[in-house]
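Below are structures written as structure tokens.
Each of the two complexes below includes chain A, the first together with chain B, the second together with chain C.
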Partner chain A sequence: MFELFKNLGTWLTSGSQWAGQDGIAHRLGEHLQYSLLATLIAAAIGLPLGLLIGHTGKGAFVAINLASFGRALPTVGLVVLVFLAGGLSMLPVYVALVALAVPAIVTNTYAGMTAVDPDVKDAARGQGMRGHQVLLQVELPLALPLIMTGLRLALIQVVATATIAAYVSFGGLGRYVFDGLAQRDLVQVLGGAVLVAVVAVVLDLLLSSLQRFLFRHRTA
Partner chain B sequence: MIQFDAVHKRFPNGTTAVHDLSLEMPEGGVTVLVGSSGCGKTTTLRMINRMVEPTSGTIKVNGKDVTQQDAAELRRSIGYVIQQAGLFPHRTVLDNIATVPLLLGWNRKRARARAAELLETVGLAADAGKRYPHQLSGGQQQRVGVARALAADPPVLLMDEPFGAVDPVVRTQLQDELLRLQKELNKTIVFVTHDVDEAVRLGDRIAIFRTGGHLVQCAPPAELLARPADDFVADFLGAERGLKLLSLQTLAAVPQGPAPRGGDWTLVLDPAGKPLHWSSKETELPVRPLKDGDSLLAALNESIASPSGLVARVDADGVLTGVSSRDDIHVHAGQAHSAARVVAA
Partner chain C sequence: MNRRTLLGGLFAAASVPALAACSGGITSLNESSGSTAGGGSSKGGITIGTANFTENQVLGYLYAAVLQQAGVKVKVRPNLGTREIVIPALKAGDIDLLPEYQGALLNYLAPKDASAEPGTMQNALTLALPAGLQVLPYGQAADSDCFVVTRATARKYGLTSLADLAGQNGKLVIGAAPEVKKRRVGAVGLQEVYGVEFKEFKSLDSDGPLVKGALKKGDVDVANLFTTDTDIAANDWVVLTDPKNLIPSQHIVPLIADRKADDTVRKALARLGNVLTTDQLTQLNSQVDNDKKDPEDVAAAYAKQHGLA
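Up next is the complex of A and B:
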């Protein structure tokens, strides 16, 4: 056991492991690229949807059911399904990652919108704000902390799951996991897994401190 | 002026909130809508700025039918204050107050300058402008709510139980402030409350509503207290409505005489002639001198509390002008009460 961790340490810190086409730096770049792009697409879908449901109060069941749908979704199954239907490309990976991220974004955006004090919305309308002004000037800024939490959760989930890109022969940190499994190289598997975990944790910490900084004037 | 003409409001669930309401709210006056919860007073108020649409009938503000106007523009021309203040928690106090001017397209500098001016108008320190609403007390938040409603200088102000959520001491202060402001600004104010005392204090006219959205009586406070239209109004005003009526009359007309000398109780004055306390051989008791502008109710109270049965009267500077006896005050109170009945009749 101790031997394993010692080898893992060597693997993670050796310069040759970080350099080149198959190096950690390059794989990390790929991994972040997949994750950010997928989260961005998911945000472009999930944010307007969550805001619309929250603002109009219509279609709340969509937001609520989407959450359980998201939890139940078999990600790898989805990759395989789109792969079989559409052939080998990054598309199945992105479809799976976006499908994973959208529910967290929609439900948190919706939750943020419903948490806005009805008295404040009433006052906004009563002062003469039109619907879009209430949305943009009052509801959105007040829902923003929860919206950002949703984006953060989505990104973390996506980072953790983007290893499946390697499953359909693409790059990212999942490469080490799947290659290591194929080569029965436990150190490489563990190295890949540790890297993914570290990236997820670091991103989470960065984003939550950004949130704390942005909303330092808020009470709860 | 605000006119309601045969206004009905029935909600989709079938309840009638306002039933055949015809009512005029005079310009430059405070009309208080009062009644127990569910009587339609808030719905009535919210129909004026179209937060609620009437089912039938017309509502006119300064001669113009509200339903013929753009709702958002109408609301910008009418001040609106609600119970929990409803301040925007993510905006500074100054930006909260500047809301309507900014909606009207003023530039930010002018809107902020106007907001700063209003902070002073409602009795808040200038540095409160940089704070966020949650950093203020409930009473201060309510002041900001009033300032926000006044920002674009609207002729009409709607206030929906604005002082309902603050403690009694602050509530009295806010009521005094509102009366002071109203003397200066002369707005047409519609004020909703379920508190009869608040209604009597603030209202030029009081409209009493009964469950089901029926207007029962609308009259100046003295008339309402002296001649309630029916048992419902009498019950609503409470058993002490005779005393409440006295709160509307001043002490000025009650005769006064010189302070007694050599009796059981002597009124001790300071060198400037201001009353200090009541003194007997054994003890000293506090005195609460009253001015001409104080109410008959306060005088009645003081005549009971005063050990000598005499009420010390002072001028604006607090210098003793004379004393009034318990009997004189009582007789005068009785006369004032029956006079109010006769005038009302």
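Up next is the complex of A and C:
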């Protein structure tokens, strides 16, 4: 056991392991690229959807259930399905990652919107604000903490799951996990897993400090 | 049941291993603790284990069918898992017999051994096996790694053997399981033995939907599959020949615990080994995978049809 951790330390710190096409730096870059792009696409889909159903109160039942359905989709199955339909590209990976991230964003955005005090919305309308003004100037700012939580949640899930890119021959930190398992190289598997965990934790910490900075004037 | 018949039954049961043990020059009454130096006995019945894939189960039931015909009591424990699970189970005595593959087993026991020819491999296996286990003579059927291209690719580049791949260095993309990148029977050996350099190595799966789908769609030019895959013939794919014997023989070989290996078992399994061909095994696999038949029925029907059971 001690030997394993010693080897893991060597693996993580040796310069040669960080350089080149199969090096940690390159794989880390790929992993971040996949994760951030997938989360951005998911946010572009999930945020408007969550805001819309939160603001109008219409279609919530359908949207929330669809989101739960999305959560239940097996990611690897989705990758294989899209791959068999469309061939070998990053598309299956992005489809699966986006499908994983959208539910967290939609449900949290919707939850944030419904948590806004109806009296506040009433007051805003009473002052003569229009629908979109209420949404953008009253509801959105009040719902923002929960929306941010949804985005953080989605990003963490995506970072942890982006390892499947390696399943269909692409890069990212999953390369170490899949190759290590196939080659019975436990140090490589552990190295990859530790790196994924570190990336997830660091990104979450960054986002939460951003969140705290943005809402530093808020008391609640 | 009265006491007399009960005692009689006990005596009869106990005397069988005792007799068997005597014939082997062993005095212990307890079969499992007996020495294995003089050969084993299948009189107490044999438990056959199989790994977790179709072909291995078909083989397990084939073993069962021919052994039953030879008068041995058999029990099959199918779908136990990978080699990392079944070999320890065999050593521990949970199972007694296992259908194995020469190359894969040798690679498991002695990863550095580079034997590729069936006879040499059989000797290497005997040397590498732990005490208490032995391999019986190998059969003619084999399930080895192979490298295939589509008919169109073969025509376009004039490919018939692995050696021809070197003429297209830097042009072709290979798809295979991740481990094949670092394996001798893979990118490493193809480079060393045939001087082949691929444009790209795509890590996919081991003879599964990913690698076959990628070959079909043209996302990879060369794919690493197994010779007993019925999809090869179904899609009219071309298996590249291996003139320099890079790919080790994967003849099917029974791996058995010494304690159960007697003449009855040896002869029954040798008879099966002589009859079963790679093509026939491929057909049996297809009956299970594509026609959704039960592996036990498929094996029994084959054994009956070929006069083995």
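The criterion applied here is as follows: the second predicted complex is superposed on the first by the 215 of 220 C-alpha atoms of A that agree within 3 Å, B and C clash if a C-alpha of one lies under 4 Å from a C-alpha of the other, contacts with A are read in each partner's own complex, and residues count from 1 in each chain.
FYI, contacts are C-beta pairs under 8 Å (C-beta built on N, C-alpha and C of every residue); 3 or more make two chains touch, one makes a residue touch a chain.
Computed from a predicted structure; not experimentally measured.
Superposition of the two structures on chain A shows chain C fitting alongside chain B with no clash. By the touch criterion stated above, A:42 is placed in contact with neither chain B nor chain C. In the superposition on chain A, contact is made by A:83 with chain C only, not with chain B. Residue contacts after overlaying the shared chain place A:138 against chain B, while chain C stays out of touching range.
With both structures placed on the common chain, the touch criterion links A:155 to neither chain B nor chain C.
In the superposition on chain A, contact is made by A:169 with chain C only, not with chain B. With both complexes superposed, B is the one of chain B and chain C in contact with more chain A residues.
Residue contacts after overlaying the shared chain place A:129 against chain B, while chain C stays out of touching range. Taking Cα centres throughout, chain A sits at the apex of an angle toward chain B and chain C that amounts to 150 degrees, reported as a multiple of 10. Touch criterion not met for A:51: it reaches neither chain B nor chain C.
In the superposed model, A:146 makes contact with neither chain B nor chain C. Minimum Cα-Cα distance between chain B and chain C in the superposed model: 52 Å.
Looking at chain A, you'll find no residue that touches chain B in one structure and chain C in the other.
If you check the complex, the residues on chain A that touch chain C are 80, 83-84, 87-88, 166-169, 175, 178-179, 181-183. Taken in their complex, chain C has these residues touching chain A: 175, 177-179, 181-182, 202-204, 209-210, 213-214, 217, 219-220. Remark: chain B residues 49, 51, 72-77, 80, 82-90, 99-100, 103, 132, 134, 148 touch chain A in the complex. Interface of chain A with chain B (complex): residues 117, 119-120, 122-130, 133, 138, 141-142, 217-219.
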